[in-house]
Structure formats: structure tokens, C-alpha cells
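Heads up: the structure comes next, in C-alpha cells.
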């Protein structure tokens, strides 16, 4: 398989130690767990999505492992502004703070707390199971643009994370780009549910949730591919990446870097495992393959 | 990732342990290691972590909504079980077990399979001692009650200080309130044998499988659900253990 | 597990021998292969989608098996009106003819050929990889309604098959219902792709295609669940069904019957295999469980 | 469903067989049964079915765009292979193989592994005989050419009628133009041994794995890609075989 040169990676204004980023909401509630992922080989990390007020999240079950995937509806639990405390030991590290809100000014408020602390922001306009947040506003191009503008105004790197649960992801990507996004992250989880037939009720406390993990990889890949055609800012591929080959495939579809979340379930040191295979001294520069499947 | 949908089980027996603790037996035995736990889904309410007190039992203390609902279940009720989860105890040589309150739950199967030599069981008062009769048969049982209604008058640490030669045990398995466990860890540490201690920890859990991060501990980011719930004393001695934990939203609170 | 009573099933005007229907486009190009599925235990079959003109379909590769799924972009190959000949040996059998077109009157034209021949129609407003057809028009509620009206005018059972690749499937379902649909079929394949990294190009001849099979089951289930809340005509669940438990789960989400396609890949006699487990003499009537997870 | 993404292979050798037929050897051996085939992906053009002429070879006759592109490949070119697919031959006892033209491809590995006693190889003319030298060493080879430039002057059926005691063979494996195969099936049928015939069939294939239905045959709906490509004579004697087939759109056309 083709391998990559190990190099510093600059994506949408953030400098990462390699192309592998921990995805938002996975082991991202505490500074210590974020740090652990960096130690284990992640080139950067995205925090749990932080909102304007502390939230406990949905009642359980919040997460169910499936074959080759995870189904979750955490409900955006987060300590809000108190999260600042978690980031103290991470000063200077490639930590991107994920933000959610219900309206553009909520995004601005949360972003203001992390000005100068975060290496950049990631706007969660895509969580499929939090009423009034995430995908609820992330499927409306005008809202996406407005929220992005509020945060981009800080002049810090502003990634926008998109939902696949829309008719045309390209339209949403363009709205973010017009709002000043420096990179797009695709995708958040895919709307889904399961029912526990012996109890005759949905298995998640929130009834429905989002699917992640290997089973959504071909869906995420398609979104990245579509965005690469529709937009001109860098794309960070996310969704089901669990091997070095997946990273290469995402890059060929158009991703400049990738995020990895659910794969920690099968391998808690997945970042190191992937990096070991992905990088070699005679690897190519990623720029040589990003988007090459479009030729 | 393999299919980890909750297994729906039916409650076949409900045993009163204390006024606030009941043991539920279900119609299905899981293959467990003592110390492993499960996520117990109380339909319509929540899903909460519970140690297995035997391959087909959990022992539940009422503290809030989910536990209240659990101890109110009657025979025939259905709940969902995800598990067994976590690592469990790894006893070696001579084993001392120390339980406070409902912390006896994950230690009980260890005693049942014959691994425990000495068992220190603590509770507030005699009526709240759990599994005492059975532990008496299985181990060299020593009891402590806060009010002195049975056994040693005081905490389990009192028994430890007065009746136990700590160094004569190769493994010390502990589960109970965090301050009690901290007290024991301090003693092990003072004796230079923190690594012989195996502590079953409690942190707020949502996923139970090492993904969400809600149970991660400072400073190493170890997940209680996956790297634990059992940790050796040296793993946690320089950690948040004994000082703070996080709630459902991830905010720190003192323990 | 709960089992069902074996009974004649009436869904959206069509009478089926059981709840298990062969999904469109799977072993559905010839009368003989449709007949084979009926013999093996399908309670009804849907044909390959038939269009106004013969089509050869996309260049290959047209289909790639993945772990727990299939990725395909057949490109709607079909013999058009000549397909009538295939149905001759199937007279009187529960055969639903799937129809596609680019405009409402094309749907009418194709439907007219099969008037009196088919047990009903299924409108393919959902194929995600045929430009100008399928999902291209199936994500526009006005078009969905217009196409449905044209076909419903024949007074025959008119099922409408929906795409999951929309922001809100409920809106599309309601448009079909308003157009006179007698049942909704959910879902068609999920937009997806894969890249052959050693060749640096998408693996499908058409570049992208649709995902089916077990990996989309939680997505399909959610669509059925959403439609059950949004609409009042019967729903036929489709997408990743491969076991009797899946059938029950789909029903609890709101499906009155299910369609099965990709599961023939792992088990070419999947209909018989599922029926053996699903039905028993002390089974319940399906009506007792359809939609029960909404309670 | 397991990962069936095409395996990308590199062409390491191109051998001229006849003016319109070349054999491509790749850098990877597949684990095949003789008679199995693969879907060959010619990037940017199409994916077409081809028998394995050995674990690392296909033998391609130019008939249209994809085959033209294949025989124009040079060493180092990459193509994708999905397979092995289908059932392959199941030779038993004394085996007679009969090939017409490029139909020799799937029969060749059968001869190479020593399963074939007698081989009848037909072609239009001497220059178009494929694998003849090697088959001479491996089997009792009998040749037929339409123009008489080598061996029997006429069709392979002529050799069959004149030189072969059909009943002395337990298995008769056949691949070639459909009308040739039909002629042989008729003879087996007349001799009451249709079930000893194993015919490798060709139908328009899109998925290759029994899902799309494009290769289904009347009247039983057997899929050539999955139930075949090899069928016994009795399976196909009362079928569309020898009379019609379907094209890419599913329309019938005479064979």
C-alpha cells in the first residue's frame, strides 16, 4: 500500500503533528483523555462539543455497539465554560474546541471563552439527535452561514462539521465556506435507530441517534468526494476510518486529514496502530494524493 | 465491533438484602470474571452500571431514580443487560477482600469461587450487612459496623489496623465508598505495597465501553469502564482518586 | 423471539402470501428469477425498475460486495416494454412492477403497459445513482406528488419507494400520500462510494452508487419509524433485512411488511430461511406489533 | 457479506496466443478451482467476466471495447480482479474435455492439474489453436480445425462422433461457443448421459455474485454467475440454453 511522509500538517489554519485527529465527543470530555490520545499518536484532538450551558445529556442507554458500528445519542453532555479548566494541561497542543449552540450568538459566546486557548474551533452543526442543536440547524444553509460568520469573526481557524443527513451536502458546505469556514469536517453520525424487540421499544434513551464506525465509511467517503467537487476549502474526512488504508482512501476522495472516533472502541491505541502503517520514510507527501480519485 | 445490543433478561427472583438494597436474579447466566460489571437498562428510565454479584445477579442499592426503579421490580419484569464489561479482579496468592456497603457486590463472586482468604465486610449497622452469612462460610469473615451493632465498632480500616497483617496478603481487593478505599490505599502505600491493592472504582458512566470518555480519570485519562473498573493501587495513587470525580455533564465535584 | 402467524398479507392494495417481499432490482430482471424467489418463500416480488426506454445501465464495476453490505450502481438496466414478456409465466402471482421515469408522464406511460398485468406498481423515486431519475426527482416533494398522481390514476395499488438521502423523509412521504400512494416503501440505497486505492479511482464505473445490506439496517429502521409518525398509509420496510429478528424489528418500527434484497447475496434462499424462523402456529398477528415501538 | 473490493493486480507477462487472443499473467495467484472465473475491471472502461486460465492468468479474446483494452495492456498495467467466482468443474473418473476457441481458458487448469484424460481442442484454423503444445503433453489431445489446417477437418463434434467412445467417460467438461456446446449436449442426451456433461456457460454478467439477476436463465432462474458458470447437461437441457440469451438491458436475443 502507498504510505505517507510523516510531516507537520496544516489544515484550515491548524497545525497538526500528523494527519490523524481524534473526532469530537470521543474520549473528549476531559483534558486527560485528550492528552492520552495525543500521547498515543493522534496528530491533533477535537474536544467534546461545548455548549452555552452545562448539559447532562440524554438518559441511557446512550450508546450501543453494533457489528462494525456504534449507535449513540449522548445528547451533548458537557460542562460548558468549566471545560476551560480541562484544557489547562494542554496549552500549546493541537486541540480544537468543538462548539454547539442553538443560535449564532450562542456559538459566538462559547467561542469567546476559548479565544487564545484553542488551536481552533470546530462548529458542530451536525449532531443528529439533540433537538434544536446540531443537524437541526446544520441542514439550513442560511443558519450554517450565520453561525460560521459569528465564530470566524474571531479570526481563529474555524472548521465546520457537517451532517450527512441532508439532500445535498455540497450546498451546506458552500454555505459554511461563504461564512468564512477555514475547513470542512465531514461527517457527523448518520441518523439511525435500533429497537430492542424483547422490550418493544427503541434501544436508545433518546429513541433515535446517530450511526458511526466502519459501517458509515462508504457514506462518509461519498460526502467528502461531493464536498471536494462543491467547495474549495480543505476537507477533513471523518466517519468509519479505522485503518491506514481508510486514511488513504479518504485522502484520495479529497480529505487533507482525517478524524477518527469510533475506531477507539476496537482498539484504544488506534492512532498509534494506524500511524505505524501509514507513515514510512519513503512515503509520499499527502498533497500528492489528496483528491486524486477525481482525476 | 460486534453486536452489543442489550440482552433482555427477565427477573426471576428478588431478594431483600437491607431496607435499601435488593438482589435481582435473572433468567440468564453471563460468563463473568469477578469484578466485571454490566450496564443495566431500566426501560423508560436510564441505563446504569452495576457489578455482577453472580453470573445471573445484580445487587442494587437505592440512591436515585434508576436504582429505585430497579429495586421496585417484581418477578417477570424485563431489563436489558450490556456486558460483562471491564477487566475484573486478578487475585493472586493469599487474598484479602474489603467491602463497604453495597461494594460487596463485585467481591462476592470472588469469594464464591474460593479466591478469598479473609473478607472484611463493613456497613453502617448490622441490618445493612450484605451477604454476611454466606461470606462466613466461604471466608475468614471479619465484620465492622459504624454503630457497633456487629463486629468491630467503626470502619473497616479499623479492622485492618487492629486485626490484619497486611503484608501477609498478596492481593487486596477492595470495593466501597471512595473515601474508604482511599483510606485503604493510603495504608497500602505506607506499607509499600500499593501495587497489591485492587480497587474497584466508580465513576459516572455513559457508554461503558471506553468511547464517550465520561468516566476518564486524571491525570492519565484511564477509563474506569474499560481500563478498569479495577485498578491497582499504584495506578491510581497519583490520580484524582480520593479527591474529585465528574458528574454527568463532566463537571468536577469533590468525592 | 416473538413469531408471527402465517397469514395472507394485504398491504397498500396488494395481497401477498406472507410479509416477505423481494426488493426491486435484485434478481428481478427476468420472470424466471422472480418466480424462483416466489418458489423459495417470498410472499411477493417487485420487479427490476422498468423505464420508458431500454437501458443497458452503467459501465462496470456495477456492484461490489463489502463487509455486511453491497455497493451498487447498476444504472437501471431494463428491457422497457419488452419486460411484459417476462411476466407472462407469472400471471396471477403477487408481482409488483417497479417503474422509473424522468417526468410524471413517463411514469404514466410505463404504468399503462402493465395495467391489468401487475398486482400493483412501485414508483422508484429513490435510486441514488441515475442522473435525472430516482432520487434526483424523489427529493422534490412536488415532483413526488405529481408522479404519484399520474400512476395512482390507474386505480391500481401504487407503492412509492423513498430515498433516505433527504433532509426529512417525512415530507417526501406525505407528498406521496397526498399524491394517492397506497403504501410507502422505505428505503432505497444510501448514497455512498468506495475508492480502489491502488488504482486511485472510484471502484464503481459510475463513480458513486448506493449502499444496501445489513450496514444500512439502522438507517432504514429510523426512516420507517419517522414515516410511521409522519404518514398514515402502510409502510413497507426495506434496507438490510436479513433475519427474522430484523423483520420483527422493522414491524415494531412501523412496517406492515418488509422487502429483502441484498440478503440474497449471503443466502440465495433467504426467504425460506427467514420464513422458517419467523412463522409459527402460535405466532401473533402482525397487526399486534406493527408500530408498537412508538408507544 | 465480506469485503469483495476488487484486488488490484499488475500485469507481469503478456503472451500472444492467436492474432486476437492474449494471455495476461499477473503478480498474484488466486486460489481457484478450474472453471471458476473472475470479474476483470479494466479501469475507465468496464468490468467483464473471464475464466481463470491458471491461478494467475486470464486468456482474453478481443471482441469489443473491454477485451480490446485488455489485450492492449502492457507489462506493469494494473487491473482489478473480483473473484474467484462461481462453482467450477467437478470432474470424476475418466474425464473428456472439449474446448472451442477461447473456451479452452477455463478447461486449461483442469488439464494442468492432471484431471483430463482426453482433450478435444477446436478452432477455426491452426493459428488459432490455444494451449495446444502444452495440452499435448498433459492429455491425449485431439484437434479439430474448421479449415482443416490441423487435426480433424471440421468441428469438435466431428471428432466426438468419429474418434470418441462417449460412454467411456464419466465426466465431459465443455466450454466454447453456445451452439457448439448445444451440439455436444444433444449428443450426450441422445446417449442418455446428459448428466455427465459439465458445460461452462456464458451470459451477460453485471454483478457476478448472484444479486442483479442479469445472468438468470429460463425457466428456473438459475444464475450463471453463482449457480454456475458450470452446469450439468440435465440442468440446462430444458432451458433457454442453445436458443436465446439476454443482453445488457435484459432483452432477449437469439444465440
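Going by the order they are written in, the chains are A, B, C and D; count residues from 1 in each one.
The rule is short, and it goes like this: contacts are C-beta pairs under 8 Å (C-beta built on N, C-alpha and C of every residue); 3 or more make two chains touch, one makes a residue touch a chain.
To keep track of the chains, here are their UniProt names: A, C = Dihydroorotate dehydrogenase.
Keep in mind it's a predicted model, so treat the numbers as computed, not measured.
> Quick check on the contact graph: shortest path length from subunit A to subunit D, in steps?
Each step joins two touching chains, and the minimum needed here is 2.
> If you take the chains that touch subunit B and keep only those that also touch subunit D, what is left?
Common neighbours, subunit B/subunit D: none found.
> Quick one: subunit B and subunit C, Cα centre-to-centre, how many Å?
Whole-Å distance between the two chain centres: 50.
> So the centre of each chain is just the mean of its C-alpha atoms; given that, what is the distance between subunit C and subunit D in Å?
Centres of subunit C and subunit D (C-alpha means) sit 35 Å apart.
> Measuring centre to centre with CA averages, how many angstrom lie between subunit A and subunit C?
33
> For subunit C, give me the residues that contact two or more of the other chains.
Correct list: 66-69, 194, 198, 201, 214.
> Would you pick out the residues of subunit D that each touch at least 2 other chains?
Answer for subunit D, listing residues that touch two or more other chains: there are none.
> Which of line, ring, star, complete and other names the graph you get from chains that touch?
The chain contacts form an open line.
> Taking the top-of-page definition of touch, could you list the pairs of chains it picks out?
By the stated definition, chains touch in these pairs: A-B, A-C, C-D.
> If we count contacts the way the header does, which residues on subunit C are in touch with subunit D in the complex?
25-37, 48, 54-57, 59-70, 72, 74, 77-80, 82-83, 85-86, 89, 194, 196, 198-199, 201, 203, 205, 213-214, 261-262, 264-266, 268
> In the complex, go through subunit B and note every residue touching subunit A.
Against subunit A, the touching part of subunit B is residues 1-6, 8, 39, 41, 43-48, 78, 80, 82, 206-214, 216-223, 226, 246-252.
> Where on subunit A does subunit C make contact in their complex?
Those residues of subunit A that touch subunit C are 1-2, 66-69, 71, 139, 165-167, 190-195, 197-198, 200-202, 207-208, 211, 214-216, 218-219, 221-222, 225, 245, 248-249, 252-253, 289, 292-293, 295.
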